[in-house]
Amino acid sequence: MERLERLALDALPERAFAFLSTGAGELTTLRDNVEGWGRVRLLPRALVDVSDPNCRTTFLGAEVDAPIGIAPMGYQKVAHAEGEVATAKAASESGVLMTVSTRTSMPIPAVAEAMKGRPWWFQVYVLKDRSITEKLVDRAVEAGCGALILTADTPLVATKPRLAETSAGEFDLHLAELEGTAAEGSGRRDYEGLEQDPALDWSAIAWLKDLSGLPVVVKGILRPDDARRCVDRGADGIFVSNHGGRQLDSAAATADALGAVVKAVDEAVEVYVDGGIRSGIDVLKGLALGARGVFVGRPVLWGLAHDGARGVEEVVHALQTEFLEAMALAGAPRPSDVTRDLVARV
Amino acid sequence: MERLERLALDALPERAFAFLSTGAGELTTLRDNVEGWGRVRLLPRALVDVSDPNCRTTFLGAEVDAPIGIAPMGYQKVAHAEGEVATAKAASESGVLMTVSTRTSMPIPAVAEAMKGRPWWFQVYVLKDRSITEKLVDRAVEAGCGALILTADTPLVATKPRLAETSAGEFDLHLAELEGTAAEGSGRRDYEGLEQDPALDWSAIAWLKDLSGLPVVVKGILRPDDARRCVDRGADGIFVSNHGGRQLDSAAATADALGAVVKAVDEAVEVYVDGGIRSGIDVLKGLALGARGVFVGRPVLWGLAHDGARGVEEVVHALQTEFLEAMALAGAPRPSDVTRDLVARV
Amino acid sequence: MERLERLALDALPERAFAFLSTGAGELTTLRDNVEGWGRVRLLPRALVDVSDPNCRTTFLGAEVDAPIGIAPMGYQKVAHAEGEVATAKAASESGVLMTVSTRTSMPIPAVAEAMKGRPWWFQVYVLKDRSITEKLVDRAVEAGCGALILTADTPLVATKPRLAETSAGEFDLHLAELEGTAAEGSGRRDYEGLEQDPALDWSAIAWLKDLSGLPVVVKGILRPDDARRCVDRGADGIFVSNHGGRQLDSAAATADALGAVVKAVDEAVEVYVDGGIRSGIDVLKGLALGARGVFVGRPVLWGLAHDGARGVEEVVHALQTEFLEAMALAGAPRPSDVTRDLVARV
Amino acid sequence: MERLERLALDALPERAFAFLSTGAGELTTLRDNVEGWGRVRLLPRALVDVSDPNCRTTFLGAEVDAPIGIAPMGYQKVAHAEGEVATAKAASESGVLMTVSTRTSMPIPAVAEAMKGRPWWFQVYVLKDRSITEKLVDRAVEAGCGALILTADTPLVATKPRLAETSAGEFDLHLAELEGTAAEGSGRRDYEGLEQDPALDWSAIAWLKDLSGLPVVVKGILRPDDARRCVDRGADGIFVSNHGGRQLDSAAATADALGAVVKAVDEAVEVYVDGGIRSGIDVLKGLALGARGVFVGRPVLWGLAHDGARGVEEVVHALQTEFLEAMALAGAPRPSDVTRDLVARV
């Protein structure tokens, strides 16, 4: 992945790379996410027949070729002209789950079409003007979205002081869906209704389920009590995330928070995780700590920046290949074999 | 804050900067204070309505706009010609609590006036010649001081070996109050009565309360048993502090000591903390660990050195803005929502 | 050992050195193996009569001059023209146990002859074409092998991304036994039957015992439950190993895994360990954590690359001398005195 | 102390400095000794009357001006022409306890005379030819020695690989006592009887007590069970030490081992400690962890190398001054006030 990060650094204007890569505050959580997986040690099983390894699984019942997903990320045109469409093509080719951000830079139907019938989910930022959110959810439903991801860690967008010297305006921050919808609603890009709704609360789960008829996965959960409350409020899945270190700096690394959330959920719903995933070994660790699926963010953008859909495919393929090998070496030839006892108490 | 530290380094003679910045011994505690906050991880709450965040609170009943205070620091003319008056102006503008040191380089009434009726506290070094201390306390009371801070960690001033090559005499170490009073008492700056009273003991709390009629906060507490004794002896508040690493080197970082003190106090009185605070995230951590308010030292001097009152305002404004954002992102829109469960056991 | 590593680096083409030295993935386990021993602290015994220190012991009943063995390593001609024969000469001279890899670059009988009647074991990779494995085991038995080491952590050979830019083909990867046998079986070096058998399972222990009539030591065990199962399945010994960091990256360091395995085995069989051993102090730590013997890998290759049999003797002699001194200084003049209480809980 | 170390580095030939400074093996314990004290954090007491601090104490009943001793070190002429006599002068002037090594480079009576009636102890290496040890003990008793230190961690002298390239022969390794006595016994410097007796065991305590009529302190204890056995065997004191990292490398740091030894001893005898002491804060930590006295090694040699007796006095004076200040700042004005609760559990 380091090689791809360097290639992306070469492919992009410095400011664009910084915009995609940065984190909140002093980058504590950004770094701790990666280091968190690095602190996990494995206890592989010996002498297990791994002649038929298979990493297929399901996410909320939908079949995927690997327990790997594309984490929701907006503004993908900053990385590559084809943006989310290229990423979707790669996800579809690779058989992994795609997610589309509210802040997508390509229209939802175009992204959906690139998925060629494979499952994808829509990530929802609930905005002050809820009519906009409703329209976007409608468009996602119409385009065949399989589930909604309710982002629960962004009542406001955190400042990024390390990005301060970088003027974000010099590259294209086009928002394909939001701007169109906002235009209808207000005609202005700076329409206040486009801001995150800071009043968002637990009622949002039921609201989104009613609105869409889709399962809702709550993303941005780090606490066992919140995980429990998601279950009680009818969520269909939980996504352990600290927004890739881009929201509350000093928030716990997801590798550190995952285990307690999984324990609290007690198999009531599926748990996903993202943040700091850089290899198939990390994917194995995520599953061993109880995740159903592991989502990848920045490496996808690096691949996208480097070589469009082909670059993303390269990233996903590398992760999947490493994960398959890691499963075999760990004596866990199916995702369901990747259990808590593989993690060493070191 | 690093930017401001560099600006202060540029603004001041090297020796003046060293005098303000240094710590005792090998600087172990000086560094550990900062690292201590860095070791704390947060578990933000999801889906809390944070549309009306508000960081106002009270310190001993006095209203402040944020749970942030200016830590007591003497010799502020070393940083800027207006010294403590500039700091007070900024505190007053920002609505945060000011403290005035026994070793103030500006007269107490001038500092008090700059506060424009907003609350400030007087930090008391009890000196060998108690009559001097009494006079200073009288002057503080007369000027409208709201509480006394009894410094309990300085029976003598620790040597600063890392400052040894620096001759302190080349910049102005004028002591507006002490020198005036000493003149009355002895006529000489080196009057022994001006030294810290090493015989100071627990009776000082009652003595200061009787003398002033003001609440007394005991500063320099790191031990649960001492905290308990403060309560038993009638203190109105406790200030967890290791004097910014300027007294006993190797003393525990305040981030490490705070929790046990808060537990021992069991809400009997308010607990404050200083040492190593560099961001609004640190302020949030201090409150999460049980502090009522978090006091800031060196960054205030950096702002003061860089741009006088305006520089201090910049520092306080940055901390307050970061703290407000951190509260919202942590799902804790009021200081009273910032509770122990926000801290991860990592 | 650092000196010898540098000498080997000088003696070998860069790629050959990299091929011998590298590990899997990000080299996490490769490094952690060495650091793992470094984290162990010792509590030496005082005032023990150590006038007659003696490090002789037995491995599965066979007498060895020190609790040190040569870890199984293939392709030793990459390090030196005499390959495994040179290593065997040195092992025989030093009185330590030799092991011969399935991937030996010298014929088994030649290596066996160099052992001059001293004990050696044959390391078994079970291949897809089991008839090849059977032939090799037969040859080993015929040549006087004392025990078989069943490699249990290699259902497939892990990729070595850090070695990717290195073309392995430029030095001799001759496999004296496998190629001969494969020629019989298939006539082609790329015969699929030569690959590791990924279907290998616990039945392999009984199969190898029946086939050879020899004791079987299972290598690549890191988990207490697997260790227990080895005992239940009739293994005669357990070899705690992560394949020198060359298989599952992020696997626990052997120094961290050893203690729990030893406890689970509860003296039912002998336990051996390898991975990261760089000094006689490490040998002492291995024994203190419960190993019967400690096997050395890369340092042997360094000695071999530097000076053939003489270089290997130098390495073994250094380890043995350091171990003898460490035993005396620890107040443990016999291997049986090197017990768990010598390890500090730090 | 860093300044003095640099001055010593300037004052001595590189090899002489290396000879005095080095440790065994990879210098793990040498470094860990210093870092061990660095890991200890303090919880100072507030508002204690420290107007009359006093660091006088007794070592085995003998009065000393500070709980500081000169650790036993041989070959002091390597550091300075006056060797142990200079060190003794400084110890006497400073009122701290001197120890004289079996490997002293100055005659015992000369060193004793320099002590001017102040207490000093003789460090005993029991040699193969016990008649030599007996003669040296007799000479020490005759010269007024107050106690014997039985070195229990040196059944043989550890090799120092990091010193290997340094030829020790180029500076004076004169042994004032051993060579004279050996001459009587054998006439040859390489007489085998001069070597450490590796058969030394617990009977040595009674033997030395009978021989000398003096109290015996056993030095080189790191284990609670050994400490207990010292008490049971009649030792009058225990000296927690790993020989300054010069014997078993990887032995636990004395700061880490001290607490458990003190607990096991349960006040039956006095406990001393050395290893890694570099400041008066470290002295305070040693006492807080239960030591009666803290002995200083290398810094004394640095002072000696730099400026003879004056240099040693400077070192001792600095430690004593720092310790007095640390006592006051910790709210512990007497050595007996420096108790376990001053140490933070960080």
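The chains carry the letters A, B, C and D, assigned in the order they are written, with residues numbered from 1 in each.
Quick note on the criterion: contacts are C-beta pairs under 8 Å (C-beta built on N, C-alpha and C of every residue); 3 or more make two chains touch, one makes a residue touch a chain.
Keep in mind the model is a prediction, meaning the values are calculated, not measured.
Undergrad: Taking only the C-alpha atoms, how many degrees of rotation bring subunit A onto subunit B, rounded to the nearest 5?
TA: That rotation is 90 degrees, given to the nearest 5.
Undergrad: What's the distance between the Cα centroids of subunit A and subunit C, rounded to whole Å?
TA: Roughly 43 Å, centre to centre.
Undergrad: Please report how many Å separate the Cα centroid of subunit A from that of subunit D, as a whole number.
TA: 60
Undergrad: Between which chains does touch occur?
TA: So the chains that touch one another pair up as A-B, A-C, B-D, C-D.
Undergrad: Show which residues of subunit D lie in contact with subunit C when the two form their complex.
TA: Going by the criterion above, the answer is residues 25-26, 28, 32, 152-153, 155-156, 158-159, 197-202, 204, 218, 220-223, 225-226, 242, 247-253, 256-257.
Undergrad: So in the complex, which bits of subunit A are touching subunit C?
TA: Residue list for subunit A touching subunit C: 38, 40-51, 53, 279, 281, 285, 322, 325-326, 328-331, 341, 344, 346.
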